[in-house]
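Both complexes below contain subunit A, partnered by subunit B and then by subunit C.
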Partner chain A sequence: MAAETGKDNDIREYADLTPIMKPSGVAIIGASRNPDKVGHVIMQNYIDVGYSGRLYPVNLNDEGNIMGFKAYSSISAIKRPVDLAVIAIPAKGVPKALEECGKAKVKGAIVVSGGFAEIGERQLQEELVEISRKYRMPVMGPNCLGVMDMRSRVDTLFLPTFKIDKPGIGGVSFASQSGAVGSSVLDMIAQEGFGIASFISYGNAAVVDEVDILDYLMRDKHTKVIVFYMEGVKRGKEFIEVARKVTKIKPVVIMKGGITEEGAKAASSHTASMAGSHEAYEAVFRQFGFTEAEGIGDMLNFAKILDTQPGTTGKRIAIITNGGGTGVLATDALYKNGLEIARLSKGSEAVLKKAMPPIVNVRMPLDMAGDADDVRFDKAISTISSDPNVDALMVIALFQTPGADSRVAAKLISYNAAAAKPMVVVSPGGSYTEVHKKMMESSGVPVYESPEDAARSLRALIDYYTYRGYNGKKNR
Partner chain B sequence: MEDVMALMDYMEASGLVARYGIHATRGAYVNSAEEAVGFAGKKAVALKVISEEAMHKTKSGMILLGLSGTEQITEGYQTLSEKAKRLGNYKMLVQEMAGSGIEIIIGGKIDQQFGKLILLGLGGIYVETFRDFATRVCPITERDARQMLYQLRSRAVIAPDEKTERVVTGLLMKASKLFYENDISELDLNPLIIYEGNYEAVDIRVLEDKK
Partner chain C sequence: MAAETGKDNDIREYADLTPIMKPSGVAIIGASRNPDKVGHVIMQNYIDVGYSGRLYPVNLNDEGNIMGFKAYSSISAIKRPVDLAVIAIPAKGVPKALEECGKAKVKGAIVVSGGFAEIGERQLQEELVEISRKYRMPVMGPNCLGVMDMRSRVDTLFLPTFKIDKPGIGGVSFASQSGAVGSSVLDMIAQEGFGIASFISYGNAAVVDEVDILDYLMRDKHTKVIVFYMEGVKRGKEFIEVARKVTKIKPVVIMKGGITEEGAKAASSHTASMAGSHEAYEAVFRQFGFTEAEGIGDMLNFAKILDTQPGTTGKRIAIITNGGGTGVLATDALYKNGLEIARLSKGSEAVLKKAMPPIVNVRMPLDMAGDADDVRFDKAISTISSDPNVDALMVIALFQTPGADSRVAAKLISYNAAAAKPMVVVSPGGSYTEVHKKMMESSGVPVYESPEDAARSLRALIDYYTYRGYNGKKNR
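Here is the complex of A and B:
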């Protein structure tokens, strides 16, 4: 083991990803009329999402017109400023194309082509690194999907739009080393109802790596929450430097692939990422306040609470439910996750006793009974949320019950909009529930399928704000 | 660049940790059974063969514990000397016997990616059974030290009260500083015995980085 690794890392500046994420002119190298080519799909996507900057298809063999845009035989033939070049041609031709980009003063490039270090072609990949250095031009990839920016409307994903749902505009930015995890999670986020600011699939990380991306997303004013899937980092020391800063500004939900020995082997043949022991990664994540996700479910669950809810460091959770059994499960879920049931103040108890029908036993968890309607939900939530003994709320809204309908969902939405304390909603169920879940989520209410998911997510939120030394001031 | 790692001399290592405020169990090198008896006085002692080849002393049988009186110590000295012959270079260390308590491990090692790490774990015979460890990147803050302790399942066993808690977190901070500031590639305080709000560093292993 190289003992001096820590000191002699190749320290360089962070690559500026602005020209890649928010370019005003984009060249697609490998653009094609042939719908089977990746370059065609990328062009189509740019057209579909309505990219507002200039688009320049580049194709060696086609100087006419590609998909309604004037085509160029080379990047140097464009004669106008190009911020970003997206390169989608076979690996062998990439160094030459990249060199031409450098000469033409292109500000950044994305190499979506595979066929580099991930299949053992390290030398070919090294050529890209050298060209990037020579022209001080950040290069993302190779072997990646590239980026999506919801505001600049850059979209280099070569996945046909009918095959993947794309999320709406929001505050979550999602970076993924793996294109496969990236695109499938993106598809899932679209179902979750929270929007994204940007998506970055960075593949082999030959030049632009985790450190650059974290640094960029930390500074990006549209990003409120960062979600990161990685299989390893390339520059440990610099990663720590950025990690120290970023979590003080915004939460980072992180999932690392390759935590088992066999998993790590799969990861290294996959994207040729650098090793480092799992315990060291775990140490870094804990030490610098990352929110560690143990699976894709966690990733989505944590992202939506951190994106939508105010912070708290308190662990006293009030449970309000329209079903007794789910309230019991929720209580268990809280304690399993190191949280506790809030004890209501005498004042709140008195108010609730008056407001609730006699069949309701006023204690925690508050079981409002199956006939609880929007009026009862409203009374309970408004009383309990202002109780000083309560730090956060878990509201269980079972839409199967006779009392619960769209008016309950509407109440939860209106409470959430003005809430000073975090609230999570638990609504397990089928198609009727699904409709209400969508209503609530699209209005920024985090809805979970089980009390366990809700409790884990609350815990993640509390841990994050505890790390940050949250002082009760509303931060957004 | 090739690194040369060498085991730091035991007494030197114990001086190094002392400079960072970690007290090792009183000990000395001896060249004869008489010297060992003289060191012990009326106390019980441990005899240890110190050599590069005998790093795992208990496993290699190069350690004898709880010897007292001229007869026991002399006999122990002779037994160990006989065994140690095949090792070539070695030294004989005599140490006062430590009190009994909970054994913990504080260690430092270098990760390929993130550099120097500090580690805290439950020691003793349960090391392999429970594998109860917490790790952080050096240097650590007081909060990190506390969180490391609280991350352990055995926290209540190791530090049942606040005083012991402060002892353990204090040790962690000192060990982290030591490891961070010196050109060493491995640090092993194993075991550290924790008892009644106090501790003793019974064994110290330091691998130096000699470039």
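Here is the complex of A and C:
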């Protein structure tokens, strides 16, 4: 038994997140009829998203019926198996509630309440750790938003639902130590239109930490790409152990908060994280093939290309555009990112010369002119994508032009669904463009606001598959 | 007379853009009842935006009435003063039409038609230059979208109106050699919600070029910030002459296409521009205090801070946030951009300690917690903005949180209207956030998607005012 061999092993052993992410019975401790209470919002979430397991509101003072569910005065009163307890009560009552969960053989807990190490209450937080260890019950938080799983329909995010858009189902799992970064990025993901597998906000990481989450998401079959915002790593050795394995299985986009000295100080007062030297982190990230995001934009941009596109290690990118100037910018963007423009084969050139109107100069970037319609896009993409001199495609579809409309978007979607080579789409614009962008994103086409973002994302994809030693075999 | 002293002086002398930008009579050559024709779309634009001057459709084959306006078979048949002729007919007919304009003493022309130097028809383009010189009539284009002026209501953009959002009135004038880059960025500006003074798409720059446009916008009293996308400069000496003056009067955000060798080749086949070495351009841009944009995002981000915010040369930035993690990222972003976090005075600290609830740790970044409402934002901003240790403010308003709503946005708007120090707002998110972002942007608050964009834009502002030798006097 590892139980006696030290704290790290202890935690390692019991921090399986399955009961938290895929529970078959959930107790909400602090559930309330009062809509201002966090426990009310969480109940409402469960009801709204249609959680299919059993739901047990727990409230010391309220044994009647809360929001249509029979309420209990304590977890021990439930008398049925509870996989997950979500604890949303003031900090000082949390240890007692957690102790009761342990006694009632609850399999995992999320403490959303704040008021622990992040405001100096380290002792109170230590009590949670002790209880978690005693009952071998993984505890997420405290000071977190908890989790959202798109299949089990668990959703503990206690944010007003009209203020945050929730994404559809996709392959990206997003873990964020910060609830603020987590919820705002989740909202942005929904706005963009791509989907997620799960979301985890883990706060102070008193028990369940980066290592557990990375390990869990590595094994989760619905997760194709892991995106991580972290402010520090508590268990360096174990982190490296998981890091060594995970990127061989799936890509990990990582954004580290506190990479500057002052940022690290801010992180320490935020989630009580020891940020450590950025150089050390960067060295680890690079060594194990993590995809490092330098900003919120990178996180989203990298996640969607890695989720939706096949692998490649080749750097020869074909640019197909319906606007000349954007083609110029795209060419610059490729070279600034260490990529290069593809040289079409003689065969493709001959086909395109026949297919394109005389005004189109058949060269790279291929400027098909402002009147290019779905037929011209189709001809260009089908010819160029099968050219052996081309490793990936950047298609610039400007929806302001007379020729581009929903048929062009539909063509890009159908090409993308069958594609053997990676493709990114660039569509900067306003409301008409947004509609088409969302149409494409929700069908798995990664769409970017600028050629710079698209080139940077292609580079991230190529770097990842180069690290993997990708040999052209199907990877998804 | 300069007329005989050489081509450059010639062009310099007559390239005043006033008749093009603020015409009192406009002829549309190629006006048509057929909605597929460019001349129809331009007519419709003029009607839609409510151009207040006289409008004269010209069509060789159609002397009746076009879209409610009496049509003419030629420009000479109009017999009234025409300031601007917009020419939208096939390329080979353009020289004749332009010659007629010259004879009829038209003061300026825009040739929107393509089919000139950009496809190798250099001789045909040279004919336009000759006619322009002969009649001392400035000609914009060919191969361009033309112009949009928010006061004169001139609008020659022949793009389907449902495909492109048009911005409101503001202080940014945006000139783009590329119609594609121009129209997509215009659409993005409208989507963001900030306004423009004018838009110029100048295409092949056969006559009216970068120098003329920069010179015109420098003098235009409605233009507070110039944003320029260019693929090359035709007259280096004259460009430097204007460059030397312009940034002492107003900021110029510049994006150069064709900065890599391959990008330059693409630019050459696009607008027949000689891109030249990027090092040379960069040296000039830096020497004369231009604000260089490295991507489409930068162009928009820099434009709005320079348009709306007062000057500063100080680098001490106060961060006020309702989400801890975003505050950590903001701190990192400051230092990555060579800025620093402000240290509050003892006085401000004391005031804030009283004003904030106990859970708020009064330090920088100031994390006011997720329940921060307009009152808490107000107290923090009013205290911190008057602290002598603070040069500028970065306010992170996450609208996913329970406390943030339209009142917080209203508070930021009213603070911004009266502010003596620059402020940027960071609000990443989806639809609820977008509504508030637009509300703020349209009232002159620069709102960013990420702390990285906000810090980068603050840096651009500080660099510009440092170049100007700004001494704290009111600059707007």
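Annotations for the structure displayed:
Rule of thumb we're sticking to: the second predicted complex is superposed on the first by the 462 of 476 C-alpha atoms of A that agree within 3 Å, B and C clash if a C-alpha of one lies under 4 Å from a C-alpha of the other, contacts with A are read in each partner's own complex, and residues count from 1 in each chain.
By definition in this document, a contact is a pair of C-beta atoms (placed from the backbone, for glycine too) under 8 Å apart; a residue touches a chain by one contact, two chains touch by 3 or more.
Note that the structure is a prediction, hence the values are computed from the model and not measured.
Of the two partner chains, subunit C is the only one touched by A:Gly370; subunit B is not. Judged by the touch definition given at the top, the superposed model places A:Asp332 against subunit C, while subunit B stays out of reach.
After overlaying the two complexes on the shared chain, residue contacts for A:Pro160 are found with subunit C alone; subunit B is out of touch. Between subunit B and subunit C, it is C that contacts the larger number of residues in subunit A. Contact with subunit B, but none with subunit C, is seen for A:Glu279 once the two complexes are overlaid on the shared chain. When the two complexes are overlaid on their common chain A, residue A:Gly323 makes contact with subunit C while staying clear of subunit B. Of the two partner chains placed around the shared chain by superposition, subunit B is the only one that A:Ile240 touches, whereas subunit C remains out of contact.
The contact sets of subunit A with subunit B and with subunit C never meet. Remark: subunit A residues 1-6, 232-233, 236-237, 239-240, 274-277, 279-284, 286-287 touch subunit B in the complex. Within the complex formed with subunit A, the residues of subunit C that make contact are 114-115, 118-119, 159-160, 162-165, 176-185, 187-188, 190-191, 229, 231, 257-263, 265-267, 269-271, 294-297, 321-329, 331-336, 340-341, 359, 361, 363, 365, 367, 370, 398-402, 404, 428-434, 449-453. Contacts from subunit B toward subunit A in the complex involve residues 1, 3, 5, 110-117, 133-137, 140, 144, 147, 151, 185, 209, 211.
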